[in-house]
């Protein structure tokens, strides 16, 4: 679980890996080599806003680790990526950090809706990861309204020594409650991501425009972009 | 997914492939050699309207690629085909383009109803493809009223290292919601296809009649047929 | 599908095959050799009315091909047979022809009810075939109130390259709607068969009596029997 | 089906076989050799009434073949048996004969209730057979309120040549209707058996007493016992 | 079934076997060798009351065979045992004897509740056996409110000679009715066991105390303990 | 079952093993070698409160065995552990002891909520174990409102000697009742754990602080910490 938690945290939103020095090497191994794809200008803008969405949402969540890099350079199957490596090993996960991770994962899709009123298939892996985390919260970790009961299938061997193995499944009725909780977590997290982006629309534009312009933004530059302008008044 | 999206886009409505030069060769490989079948005049008319339905609906959808060829020459199992090759690689799919693809796929069947108040079994593969796209929109892409939750089966390995693998299925209740969304998307898309054909009934007749007459219409000719007549006033 | 459609059409009601010259040979191959069974007079009458039911209903449906032969000579497992070979290849099926086929298939059973207020197990294969056609109309062809959605199981391979294959099933709720539609189609078709036989009761009696008398009626003779008597006034 | 129908008819109620000359031999082969079991007097009485129930109910049903022998000599697993061999080959089954068969099968259990207000496990195979017949009537033969639809699982191979085989199951909702019809047929048949035995209680006692006395009653003797006494007035 | 019935009867409540002479040998084979376990005084009391519960309840049921031995000597997995061997072979089971067997099986647990207001895991095998008997009564024997219908899965081979085998399952709705009947039988039997023990509380104490004192009570001694004291008045 | 009960008891809350002399050896074998992990101060505090929760709840339950050691030294996957070895072999489990075991298992999570209003993924194995015990109470032991019926799957071989094996499953409706009972037991036990910790908040703080300070508390020291201070007045 630590392993998985670490991976989830590492991935942050859309393909991100823990590395400092061997960065390029690691990036290549994990995400595949850079791929120059002939995207239209519109496609580049959508990718830029998607990644900016992950990054800006992450920035505004108290427990998320800092964004290490945002990019719209295609690697492997992904059109872009946002790297949010964990600052330290996490041995166990907390409910609040898992929820923030889900919010950050759905930040890309929220940006698509906010800016283009459109959805792309590129959010599929974000949705899949967010759902997996939400499922574990509900089924394994007792972190939902359903309380501290394990709600998944279990192997049972009867007490009479028969070698008959039958997984114990929860009832369709309980399954429906599990599904409803997972959906509730995802829906509320998505709303939270939307709220953050609405409040930080200018920053979102700023990051997306920079990405279209220079393709990649490193951590330091990203932090500067996100800081409130002093001259605002 | 890109691959699949490309295939979907390529297929457009009823068997269409990306090719420019090696067209005949490719056509033969994909659709099989031409087959002269002894269709009745009525059967030829129905096939002509079915293919014209795909083509005319496609033409009237803003994001669909241009129709490359419409034909009622039998190839393989198909009685006719409409080729709508993608103009460029699509790396990701958008909700609006997927919806238009479904509308175009159901255009053949809509023409059957509009003209003959009849349905043919030939629409089966159109319906199958449209349903597959709608299912992915709902289950994988979060492009429905059910929101950004992955709604399909998932493999889970429990955290205790047991090698027991059990797919996590959504509950019958959530499955029913997924089905209802898929049906809603298909029904609304079908109504949209019907609307387009009602508004463009003359053009539909024109294309169908040309098809009965000369069996195949190439892209340029099709574009000309579709243009509004200047002398209309 | 063409193949299947052809078979359905060929079978018409209760074992019928396409042949002109090699008729006896073909009949033997398909239905098995003639079997003299010691049926009681009552059993022969029931078989005669059952086959006459198929034939008379078929005759009164506009799209059904002409009856080629009706017989109460046992062949293989069947007590009798009605041959309705397709006049030409059907490359695709229409909703209206499929519905008429179902009505004709249930014509045997309708005759049993009308004349004897009794049902025989001999209608089992008619019911099975009618149900299969109705199921395809609903599930594959979008020819029901459920509209243009494919409503059967689908294989899905997830987008992450896992070789995990899981058929997607429709929900129990949608399955129930599919079942209700199939039942509705069968029930309405059965009522239609009953109506036809009520209106043509004299013809039904005529054919059944002729069958009891001479065991087999060929196409021409059948057509003559069905024609309205001029001297009726 | 003819085969099965023949077997059903042959079995009549509780183990009965078609034979005239090679009777003992056949009996031994089918039911196993005679077994002298040390039954208590009460057990013998219960067996006698159970078998008498089958025989007397059968006698009072117009379409049932005549009882050939009733016995409380144990053979194989059965405590007794009632032989009702078919008088002639039945090539197809009618609804009315199948219903009478179910009534006769439940006659043994009805006698247990009427006389002892008790049920024995010995009725299990009668119940199983009656249920199988009722299920076929509902699922295969369209002989229930559910009408002429086949209501069981079907293999389907999709039209695209995939070698994916998936049985089509009816929905849980339709399954529930099938179960309710089977139960209704069994319950009504049981009530009918009870009614027959109540009306023929004297004859039931007569046969049961004779069975306790002499263990076996042959067909002729049984017929005589069942005839109304002339000296009754 | 006779076999199973015999086993059930033999087992009576909690591990009991039919034997007279080779008693010790048989006991060892069936229950395993004696095991001296270091139970606390309280554990011994609970075991004593549990076994006394089986024995006293059995004694007060008219059809149960006489108790042959009660013991709190551990054998195999069991903490104690009550032997109720069948006095004679039972070739068939009656509803009333099966019900009494269930009541006796639940007598141990009823004693736990009555005396300690506590339940032990030791009743698990009693509950399992009682449930199996109740299930057979409902599913196979037609001995419940659901009447004479077989309510379990059935293998079916379709009539067209396909080698496709599919078990017919009852619907979830009917399954729920079966479960409710099984539960009703178990609950009512448990209440009956409780009633018997409340009325015979003194005898229960007597047997349990004797068991704590001398570990084993043989049949004759048990019968004497159960007889009403003459000097009571 | 004794085996399992022993294991459950031994484990107490979160990884605890029966050992006195070979303690270190056994600890290493069971929990793995000590692992120095770089936890933050906050993580150490959360682990300390989690383990203190198990220990303090256990202490306040009358039937739980005494706590042998509490520690926040990481071993294997666990961040900490609380050892509650059984004082003696338990041959059978009682309802009241099983319930207390569940309460103690959920004591860690209750402490997390009470102190941090947060949940950690570290409670997953506690929840899993608590659910397994609750399931057995409901399904196997008849220790719930559902009464003395076995509520799990059963293998059945039909009485006709067919080698067809089919597990009997309880209906979805009964499964839902089982799930509801398991959830009720877990929820009530969790509330009880919360109540105990609220009443003993000072002791909880004391133990957690001591753990942060010295990492491990042995049984004797723990008992002293838990004793009421005499100078309280």
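By written order: A, B, C, D, E and F. Residues from 1 in each chain.
Operating definition for what follows: contacts are C-beta pairs under 8 Å (C-beta built on N, C-alpha and C of every residue); 3 or more make two chains touch, one makes a residue touch a chain.
Note that the structure is predicted; figures quoted are calculated from it, not measured.
Between subunit A and subunit F, two chains of identical sequence, the interface residue sets overlap only in part, with shared numbers making up under half of the total. Compared with subunit A, the chain whose C-alpha mean position is the greatest distance off is D. Subunit C and subunit F have Cα centroids separated by 66 Å. Here the spacing of subunit B and subunit C, counted between their Cα centres, is 33 Å. Chain centres here are Cα averages; for subunit A and subunit E they lie 57 Å apart. Among all residues of subunit D, those that touch two or more other chains are 1, 124, 128, 140, 159, 172. For subunit F in complex with subunit E, the residues that touch the partner chain are 1-2, 5, 88-89, 91-96, 98, 136, 140-143, 146-150, 154, 156, 158-159, 162, 164, 166, 168-174. Of all residues in subunit E, only 1, 4, 37-40, 43, 46, 74, 77, 79, 106, 109, 118-124, 127-128, 130-132, 134-135, 140, 152-153, 155, 167, 172, 175-176, 178-180, 182-183, 186-187, 190 touch subunit F in the complex they form.
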